[in-house]
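Naming follows writing order (A, B, C and D), and every chain is counted from residue 1.
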Amino acid sequence: MTVLDRHDPAGAIAAAAKRCSNWGRWGADDVLGTLNFLDAAKRVEGAALVRRGVSFSLAQSFDADGPQKGWRRRTNPVHTMLDTGLDAERGQGFPHGIGGADDVVFMPLQASTQWDGLGHIFDHGMAWNGRRAGDVVTSGGDGVTGIETVASLIAGRGVLLDVGRAVGEDGELPDGFAITVEHLAATIAAQGGSARVGRGDLLLVRTGRLARARREGWGDYAGGPTPGLSFTTADWLYGTEIAGIATDTWGFEVRPNEFDEAFQPLHQVCIPHIGLFLGEMWDLDALAADCAADGVYEFLLAAGPLPVLGAVGAPVNPLAVK
Amino acid sequence: MTVLDRHDPAGAIAAAAKRCSNWGRWGADDVLGTLNFLDAAKRVEGAALVRRGVSFSLAQSFDADGPQKGWRRRTNPVHTMLDTGLDAERGQGFPHGIGGADDVVFMPLQASTQWDGLGHIFDHGMAWNGRRAGDVVTSGGDGVTGIETVASLIAGRGVLLDVGRAVGEDGELPDGFAITVEHLAATIAAQGGSARVGRGDLLLVRTGRLARARREGWGDYAGGPTPGLSFTTADWLYGTEIAGIATDTWGFEVRPNEFDEAFQPLHQVCIPHIGLFLGEMWDLDALAADCAADGVYEFLLAAGPLPVLGAVGAPVNPLAVK
Amino acid sequence: MTVLDRHDPAGAIAAAAKRCSNWGRWGADDVLGTLNFLDAAKRVEGAALVRRGVSFSLAQSFDADGPQKGWRRRTNPVHTMLDTGLDAERGQGFPHGIGGADDVVFMPLQASTQWDGLGHIFDHGMAWNGRRAGDVVTSGGDGVTGIETVASLIAGRGVLLDVGRAVGEDGELPDGFAITVEHLAATIAAQGGSARVGRGDLLLVRTGRLARARREGWGDYAGGPTPGLSFTTADWLYGTEIAGIATDTWGFEVRPNEFDEAFQPLHQVCIPHIGLFLGEMWDLDALAADCAADGVYEFLLAAGPLPVLGAVGAPVNPLAVK
Amino acid sequence: MTVLDRHDPAGAIAAAAKRCSNWGRWGADDVLGTLNFLDAAKRVEGAALVRRGVSFSLAQSFDADGPQKGWRRRTNPVHTMLDTGLDAERGQGFPHGIGGADDVVFMPLQASTQWDGLGHIFDHGMAWNGRRAGDVVTSGGDGVTGIETVASLIAGRGVLLDVGRAVGEDGELPDGFAITVEHLAATIAAQGGSARVGRGDLLLVRTGRLARARREGWGDYAGGPTPGLSFTTADWLYGTEIAGIATDTWGFEVRPNEFDEAFQPLHQVCIPHIGLFLGEMWDLDALAADCAADGVYEFLLAAGPLPVLGAVGAPVNPLAVK
């Protein structure tokens, strides 16, 4: 088991970044990162996993009662109406009795269930594939790796590792619990053959944190203590050649982070160096219950982000079909 | 071929509504409408259509240069940055060299590629399944048939009818062209066996209107003259028992509408009476080119709307996989 | 001193509404309410109070760190940039070296310092001057008494009653402190001749609540316990014929309200029945310090709301000049 | 009369910037620019101009039907309701019959009547007083000269130069008309003694462009051809030591600009070098009519911008009182 020097996040990050770099692997112009691993064969494999025809939305609700507290202006979505049924009953000036309702939303793109884009996180001013951060993302948005570049790609084999159920108590890991490679391996072993993880897969890791928030209230779900991936999983995330990974937590990583002074160090390796797509705030509970019931942890996953032009992250309604 | 009395939209609508009503068909509490037709077997059937593993996003871009002109306050999406790569290069106060970009969007929910929810359109103040419009959609949103109620359901067999290619010239129908049942039948016949349309299918109708806008500029794409479904298709849409239908146009129906004074009369039958899910502003061009090339017009379609709580419509990134 | 029956808010409101009604006083078409009292002579009187030329903004800051917690979707303002100085340094494509920054805001109109419009509050479905609420404010906004109707009017004689200083300890009233007519009279007496209050005046009442929030953090400033006007002041507010009144609190009235089950009962009398303009979340501290120093509690007040068409309230940057 | 070399905007700008620079005039830390000229005596002088007590709002309406066309994402304001009178009539769950309406706005801060802040425009990456643009305005906003720094200051003597009426036909100047120092002098002469312009004054220049837009529709009001200040007025604007200047046009300057290839060259001198406050999209028509009627062109002007924290410009409802 890897031991971290809690006093040296910068050193640990630099070393991991060097070991796990995919820069140049798919050419200097690459904008897809690990989605290069998700090929046509993997989509065929994913589709073949649909046996019962049951589908699950892995999206949390997008609404004003979400967990966001305004950190760096990340608020919850505000949904307002442009027209309502009450207006329609009163009369809206349309002919032949037609009436309508319409609406609008204001929301940070990472307010709820989302994919981080490759322009979301930088390491010392450098973005994915060795580009300068300021050459990629300006006030006009991400002109290089905007989320729209991957809009059509994210459909393939999904696999759930329900670490909360396999390793935790009552299906939940406690806050501050760092999921290591050993925990992932134990979960795979516990779940059996359908839980193998490999090249091109879309990996879902359930911690149980959302289930707890649902039961106890949001509390510090957004940014506070949480179970999550250990920084030490960087090499495994790199080596398995997965196409993407998503969790039921606010920020993918364990919090507090595993260094004395740190902020999301695993992001700093995964996004700019591995080119890995990270999904956050996914709702894995209903899917996990189904997987526990039938013992099958693999499925078709279709999770194309909303293609907001130039976005560095985007909301998504991921559908898992078994 | 059905002949419409151009002078009597109200009469035609009332008659069609009576013939095509699904009110009560799935119980008094139903909120799913024609998505009741999309069952597990249909999802299995859809998944089995994935052979080559090629995927298509059917979403238009969500950006400020879209077609909306502000009609009833429907603007284009406005995407702004909360943090950029330039800020990261300059220093954002985070430890160990991590930097980040983040963003936010303001958008009408029907600004770009979207599903209409069942609370979007009313007939004389009545909503889907016989509810009063004002009991369904208030300023708090759609408390009954909000789009979140169908978030997990829309994955199944998609079928494309490329009427533009089968009936039009150079792949496009002219503005004002009303697609009738005969045109749909001719397209099915021209496309062959993979184009059959039946219970539970998700039907995509391509007119070529978006291809023209892409070539010539948006012009009046949003609300102006357009090819689209004829009012006379109401009974066919009802009788085929499809789960949903989407087009590459702003508003699904032919415009100008086929009555002297009218506004989207087919909506008034389809949404509140049939309970039919309508998709608008979908980009079907790349998929259509692929279908024309391999002669296969059916595919897996995964198109779960973004679950904005209480929304009467919602953006979606539909993925078609063949 | 008036004694309230804590068990009967509805009865107390109805009685006060009857005693204090201005319905019809300025004709059936009136949209100005008590601003009818603010005439040209009053503006001349206000201007004549400018002696030293010192000016005060009575606005709180409009920013994301404000007191709002999302109650009924009232969030704090979210300000984002469309272009920045960093973009300008990098190059924006403009000629001859010009660069620019630009920005956008999303905000509830009552997020910070604001005037309530006459369409903000209703009594049993009735709005100011006896109109039905639904005839006044639809999803299209307030089509009758929208805040734009008073945009040019609100400049005149302002008078500050620093009740916090006159009656409280260390300049602040405690939460739950109901300011009665007696407290107002005592404050006027303590402050001297410049503090007289009469027809057409714009009255500012300082409780000290904002000073405490500034010192201790927002806490429950928005909607929680607070000093404020007692319900029993309704007749005084009516009888003095003031043009408007503003406080340094979230909601003008004392909270908890003075009935067992109640929500802002004084609003229910003041806005729809008196037609009184209420200002909330004003920052009176610097002005109050100046008034305490020179003993002059009257001044020119120019406080025209931002004329958002059809708004039921609007942000304002009130300027007091002495 | 100054002759411009149409081929050399950069040279002309650099020369004017050198002649007209106020950098360092009020110290290295200054954030107020020409508002330093607006002192207490000027406010007393302004207040003394109130004789009749008539007041004018100089704000245009803030609504979705404004002139903006989305240039660089500058849209018109979108105002939506959080609650309406229709909801109140139906019942909102409040006690004792109280009901309420509430609302929200999304708007670029320069969508309608506004003040440009000193962080709005840069010259070769340099901001007001010699600061680097990127040190002043980041994605977090203008951390140095944010509009809140001047919130309390802008009240003083206003003076209207109705150039449209004095020099134009039927009160309007044609598009492309460059207002020179000679035109300003002629207007002052025509209007008489009350129209003198000097140190600390707030100058309003009416072109008639808004009156034409009101009559003929917005057309290209936002960014298209327009009468406006000539680049050659830079030295006069500097030398008069006015505190601010506002026009009834989108962009203060004549358009097309007076160089072959240019974009708002006068801004590039006025904001970063003179430190001059520019107001745009003001509605001067009613005030101008009154001034023409009584022959008095000076008045009290109270025009404090809405203090959106860190904003590089801000909406304002300017009140002129005579």
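Assume a contact is a pair of C-beta atoms (placed from the backbone, for glycine too) under 8 Å apart; a residue touches a chain by one contact, two chains touch by 3 or more.
Fair warning: this is a prediction, and the values are worked out from it, not measured in the lab.
Separation of chain B from chain D in touch steps, taking the shortest path, is 1. As for how the two copies chain C and chain D face one another, over half of their interface residue numbers coincide. The distance from the centre of chain A to the centre of chain D, with each centre set as the mean of the Cα atoms, comes to 46 Å.
Mean C-alpha positions place chain C and chain D at a centre distance of 27 Å. In chain C, 73, 78-84, 86-87, 90, 104, 106, 134, 138-139 are the positions where the chain touches two or more neighbouring chains simultaneously. In terms of which chains touch, the assembly is arranged so that all chains touch all other chains. Chain C makes touch with chain B in their complex at residues 78, 80-82, 84, 86-87, 90, 104, 106, 139. Across the complex, chain D is touched by residues 9-10, 13, 39-44, 46-57, 59-63, 72-74, 77, 79-86, 88-89, 94-110, 119-125, 127, 132-139, 141-142, 148, 151-155, 259, 261-265, 267-268, 300, 302, 304-313, 315-319, 321 of chain C.
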